[in-house]
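The following blocks contain the structures, represented as structure tokens.
Both complexes below contain subunit A, partnered by subunit B and then by subunit C.
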Partner chain A sequence: MLRYAAYRVMLLVPILLGVTLVVFGLNQMIPGDPVDFLLDADATPADREYLRAYLGLDRPLPMQYFTWLGNLLEGDFGRSFIKQRAVLDLILESFANTLILILAGGTLAIVVALVIGILSALYPRSPAAMLANVLGISGVSLPNFWVALLLIGLFSVTLGWLPASGMRTTGSDFSLGDLAAHIILPAITVGLTTVGTMTRIVRAAFADLLKQDFVLALKAKGSVRRSILAHVFKNALPPILTVAGLEIGSLLGGSVITESIFSWPGVGKLMYDAITQRDYPVIQGGILFVSFLFVSVNVLVDVLHGCVDPRIRKSLRGAT
Partner chain B sequence: MNVRLLKKAAPDGAAAAAPPGGKPAAPALEAPRREATFLSRLFRNKLAAVSGIYLVLLCIGAIFADQLTPYDPLQGNLRERMQPIGAPGHFLGTDEQGRDIWARIIFGARMSLTAALAPVAAGTLIGGALGIVSGYFGGRVETAIMRMLDVFYAFPAVLFAIALAAIIGTGLFTMILCMTLVFIPPIARVAMTAAKKVAHMEYVEAAKTSGAGPLSIIFRHVLRNVFSPILVYASTLLGVSMLMASGLSFLGLGVSPPAPEWGFMLNSLKDVIFLKPLITFVPGFFIFITSLAFNLLGDGIRDALNER
Partner chain C sequence: MLKRDRRRRRLRRWSAGWAIFLAVLLAACTSQSGSTGSTAEMGETAGTGSGSGSGGELIIAMTAGDVPTPDTYPTQGQEGLRFVGFQIYDALTRWDLTQGDTLPKLVGGLATEWEVSEDKLTWTFKLREGVTFHDGTPFNADAVIFNLDRILDQNFPYYNAQAAAGPRSQTTVIAGYEKIDDYTVAITTHEPFSMLPENMAFVTFASPEAVKTYGDDYLEHPSGTGPFKFERLVPGQELVMVRNENYWGGAPKLDRLIVKPMPDASSRTAALLAGEVHWAEAPSPEAVERLKSQGFNLITNTYPHIWRSYLNQDLDVPKDVRVRQALNYAIDRETMAEALLMGLGTPSTQFWYEGHEFYHPDAVKYTYDPEKAKALLAEAGYPGGFSGRIVIPASGSGHMWPIPMTEYIQQNLLAIGVDMKIDVMEWQTMLQNNRAGFPNDRDALGFAWGTPTHTLLSFYNTVHSSSPTNHGKYANPKVDELLDQAYQTFDEAERNALIREASRIATDEAAILFVVHDLNARALAPNVKGFVQPQSWFADLTTVWVE
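Take a look at the complex of A and B:
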């Protein structure tokens, strides 16, 4: 098991290096001279040359890349043009809020998908199956920013039940109830696509497994329903886990739109603000951070996969 | 291929079964018959048929947009701002600057459909070519291309498109470019898998031994056999593409302000949501049903071509 985990982590290194190369490449695509972003219009050519040498921009590109990579390894993601603070600090401060939002939205999505997916696989002609059909196809077709605006229009403006923006009521002390009221609408928005994808996967996995011989054997043996479901659930877990891991990416990507609509103070909002203000170091830092996170989560999922499914570990042992 | 299609078509009804029953497997008739089977099967799926008809109507509407509305999509009447749906003269209402929403929807369809279709088309061409080449040649070529594309899987797709558009600059063209880059790796992977299967077929071996060069084998033998899995996969991307394009526009990374585009309409309408809570309904609804139609049509195409 440990060997499998070590092998997966090792595969991570070239991917992460590739990610840094792509982001460094993006860096070069920014139109205009980086020095212009930092200096006033009346700066003398001598000032510009000085700053260029100071930032190392006069050196060849590969040198610049390795210096930049070295800085990344030391936790130096650069400084925000606008906020004049270290990018990593800004990201880490807001990341906790994104994590809260994604956990809420993801949990909501997975619970709904499991309940409806399993019910619809067990009772293919029930209302639950109809609902699974509708959720499966509309979940992946609904624009989440539109749903967010409709939710605000209905629950915040018309009914006045829930707040439309922010993470807590201004001026009040922190309370769980207040956070819960603020998180409901953003969590629904961010989890929407995931509900659609996951419902389809859960349903397909369960429907497929319920037809298999081992289920028939269990029935013939006289196992109770709960025990059969437990067997099926264990076998359905690997594909569900894989898709759930990939969905983290869609949750993180969706957080930019969701957080900007609901003014949720997370990484997505940080990046959205950086985009509108052309604060390039923050955009780069954000995408680096999120992709590192996404890749690591997927490795974690693969390792978990190996824990749940012994066949994966064995196939690897055969290969190496 | 042909045999399998015939077997599938036979129990479905007399109409499909009659022609193949008469003339068994005449090579000259192969292509037209296959197409007819595909279309009739696609249209047997009601949802896919309705979706297809809606999308065709939408395209026609977008082309003849100026015939379909008397209003200018860019010019509003400030005295008729924020009219509700069903207001006299404006059956879908007006926006925050008094512009007719129907006019902006039907003119906006031009840009929204382009932004949704172009990246999938371009991604299919480029990704398909990369995938076929790496699948056919295998070995080092495959490793080089596929490992390079693997890196792009590390970025959450939406976020990558957003960051890219934010860095290169806004505009319809850069938005299409960014989304194309996002679609290339997955399409290449599908094409690679399909081409790899074909590359080991006996007829390819036969072509090789009879002296055909790689280019002519790819164009004459591989391409037509990997066409349907790639097409099926690309069609499932259309709905995603619609959502991604309108999402980027919504964030202000697509078209520039006065131009009508569905995602961007929501961006400007959201500012008056506290006055008119449901004013964002119409443009979002069009994004939704168009994406839904793309998805249903994609499912229909997949079932009709019997691919997974």
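Take a look at the complex of A and C:
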């Protein structure tokens, strides 16, 4: 088991190296130039050339890449062209905010998905099953930028219950209640897709297991419903965990749009702004950071698999 | 006439559709801010005066995509300069923004007076005495030299390329500068250049002590001489400023000024309706009626802005002046301004609006005349019209609403047989392509965008044949000559006459496709008082208070 975990962690190195290449390459392929964001539209070609040289953008691409990589290894993510601050500081500051949003959205999504998914598997003709259907389809098909606007329209503008944007009331200092009020709408928005996917997975896993022989055997043995459910739950966990792990990616991806709409100062908003401003160091650092997070979570999920599923543990033991 | 009515109806239906959509979004029932019905008179005097902590807190929703960096020349373009740069910092000169009836005059800022030498190459600026930066250090000639070094001398230890980049096109004319005494500096130009005082209004001054002390972290401790002092910046969220009690121009009434980036027009409107902000920049046209009916003050004024399309004169078709004139006669600007823009724009038939000092009353006036347009096209040899492509940015400050506006133009042109395809590009991509020549590739016929600070410089760049950003490649030696002469003419009235004449020629020859001038619309909550909308992109916030 430990060897397996170590192997998975080691695999991270080539993956992340690949990510650095892709990120760097993609940046070069986006048309546009950060110097346009700093200079005004009437700037002369000489000014542009000077600024490009100053920012190191005139050097050959391989050199730019290896300098960046070398600095990364020393923990230096570079400095934002536009905001003129250390990239790592910018990312860490905003990531804390994204984490709050994703945890809230993810928890909300998983709880809703579990409750509705299990209920609908147990009572396939109940209203819960219908709700699961609706959530399953609408969750994955409704675009979250649209849902976000509807939510703002209803809860912020019409009813005036919740703030429309930001992470705290403008000009005020931090308070937990204030944060809670600000997080509800973005958390729903960001969690919606996950609710859709997860409800379907949970229901399918449970419905499938409920038909299995061991359930029949348990019933024949006279087990009470709660104990049957406990057995089923254990067996349903691996596929649910896998999907939940992958959903981190969807949550992170969804947060880009959600954060931009709700002006939530997270990594998504940071990246969105960096991309529109062609702030290369921030784009590169941000994507690398998010990728690192994503693959790490998936390694963690795979390792957790081994813990919850004895079959995997056994097969690993056999293999090594 | 019938056709026009039908188009108007279609337009109304179009805007009605948007209005309904917005109404759904923004509520069908009354919101809490709806009950305040009375529209307050702007410009009345503050009841409480500017003593201590009386003017309240003003929250502005900007169109910027992010919080501008609080440097001498902030990011986020002209929006950053307007709400952050000119609030925290001052320049040697500034525009007097306290009235809206005429174009603002250039007056003293950190300089009280200036004069140009006999050879017209050296300008002497007398500095304002007794001014201190927010960190308490004095403003003097050394501070001026330090700041000019910071943006002009690449070997200066505190040289900052980012801060230098913003005002670059205003500072290229500067050849040198020196301290004469503690409160006098001299600036020399490469050649006689009469607009230097105007250019210097874009060069603002930071405390040398703060720059030296904080180095790379200066942006977390910015210090200028402006009416508002930096308090804090919450990344991606807001920039909080407090009033500068010691402001040399008189302390502002507001206690606090908070600016928030909100690039989406419907978010800005929603935030205003929900009471989260007091002031929303550029509300969308669909929201105008609703905002007015709920008692918000919708403020507009003309200012030097132009929304136009360059016409690619590298191509044979637009090279013909009759074709360019035909296109100009085909646009129904009045209906566009009224029905599509809901009064947030005003028709543009030349480079400047009527009342502007560069407006020429005798220039050809491009009225809506499709018959004349067709006749001109036939005369030019295109009786059946032609087809082409127009490139526009998706959005951006000063660009207004490029997509619906261009769709409207497309309809107008179709009526005279010109089939124009629209190519929407992201702004940065568009800029990149511009430099390669005409946007995207050279077969595009038109290229439309808005310029929010339309000055002599941007006029020069639009029509002068030697300008690198004359995207349409319009060229007329007479226009070039007049403009070159204008820069060397130090008498204002004489200079204006030269610019007017150049503008008349370029207008008569339809150098570009004239569309509209923006009106700088902003919606203010009823409790925001004392604001005067100048004929400028910029705004004086020292007179404002919140009840």
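Here is the rule we use: the second predicted complex is superposed on the first by the 277 of 320 C-alpha atoms of A that agree within 3 Å, B and C clash if a C-alpha of one lies under 4 Å from a C-alpha of the other, contacts with A are read in each partner's own complex, and residues count from 1 in each chain.
The rule is short, and it goes like this: a contact is a pair of C-beta atoms (placed from the backbone, for glycine too) under 8 Å apart; a residue touches a chain by one contact, two chains touch by 3 or more.
What you are looking at is a predicted structure, and each value in this text was computed from that prediction instead of being measured.
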Subunit B versus subunit C as contact partner of A:170, first or second or both or neither: second
Which superposed partner A:273 touches (first subunit B, second subunit C, both, neither): second
Touching partner for A:96 - first (subunit B), second (subunit C), both, neither: neither
Partner chain(s) touched by A:254 [first = subunit B, second = subunit C, both, neither]: first
Subunit B versus subunit C as contact partner of A:137, first or second or both or neither: first
Touched partner set for A:51, first subunit B, second subunit C, both or neither: second
Partner chain(s) touched by A:6 [first = subunit B, second = subunit C, both, neither]: neither
Partner chain in contact with A:40 - subunit B first, subunit C second, else both or neither: second
First, second, both or neither for A:85, with subunit B first and subunit C second: second
Residues of subunit A that lie at the interface with subunit B and also at the interface with subunit C: 31, 149-150, 152-154, 157-158, 261, 276
Partner subunit A, residues of subunit B touching it in the complex: 147-148, 150-152, 154-160, 162-164, 166-169, 239-240, 243, 246-247, 250-253, 263, 266, 269-270, 273-274, 277-281, 283-285, 287-288, 291-292, 294-296, 299
Contact set on subunit A toward subunit C in their complex: 31-33, 35-45, 47, 50-51, 54-55, 79, 81-85, 90, 93-94, 149-150, 152-154, 156-158, 160, 163-168, 170-171, 261, 263-266, 269-270, 273, 276-278
Parts of subunit C lying in touch with subunit A, wherever the complex brings them together: 24-29, 31-32, 57, 59, 65-66, 69, 71, 75, 77, 154, 161-162, 165-166, 168-169, 172, 216, 219, 234-238, 240, 256, 258, 260-262, 264, 266-267, 270-271, 273-277, 426, 428-429, 431-433, 435, 451, 457-458, 461, 468-469
Of all residues in subunit A, those that touch subunit B in their complex: 14-16, 18-19, 21-22, 26, 29-31, 137-138, 140-147, 149-150, 152-154, 157-158, 249-250, 252-254, 256-257, 260-261, 271-272, 274-276, 280, 283-284, 286-287, 290-291, 294-295
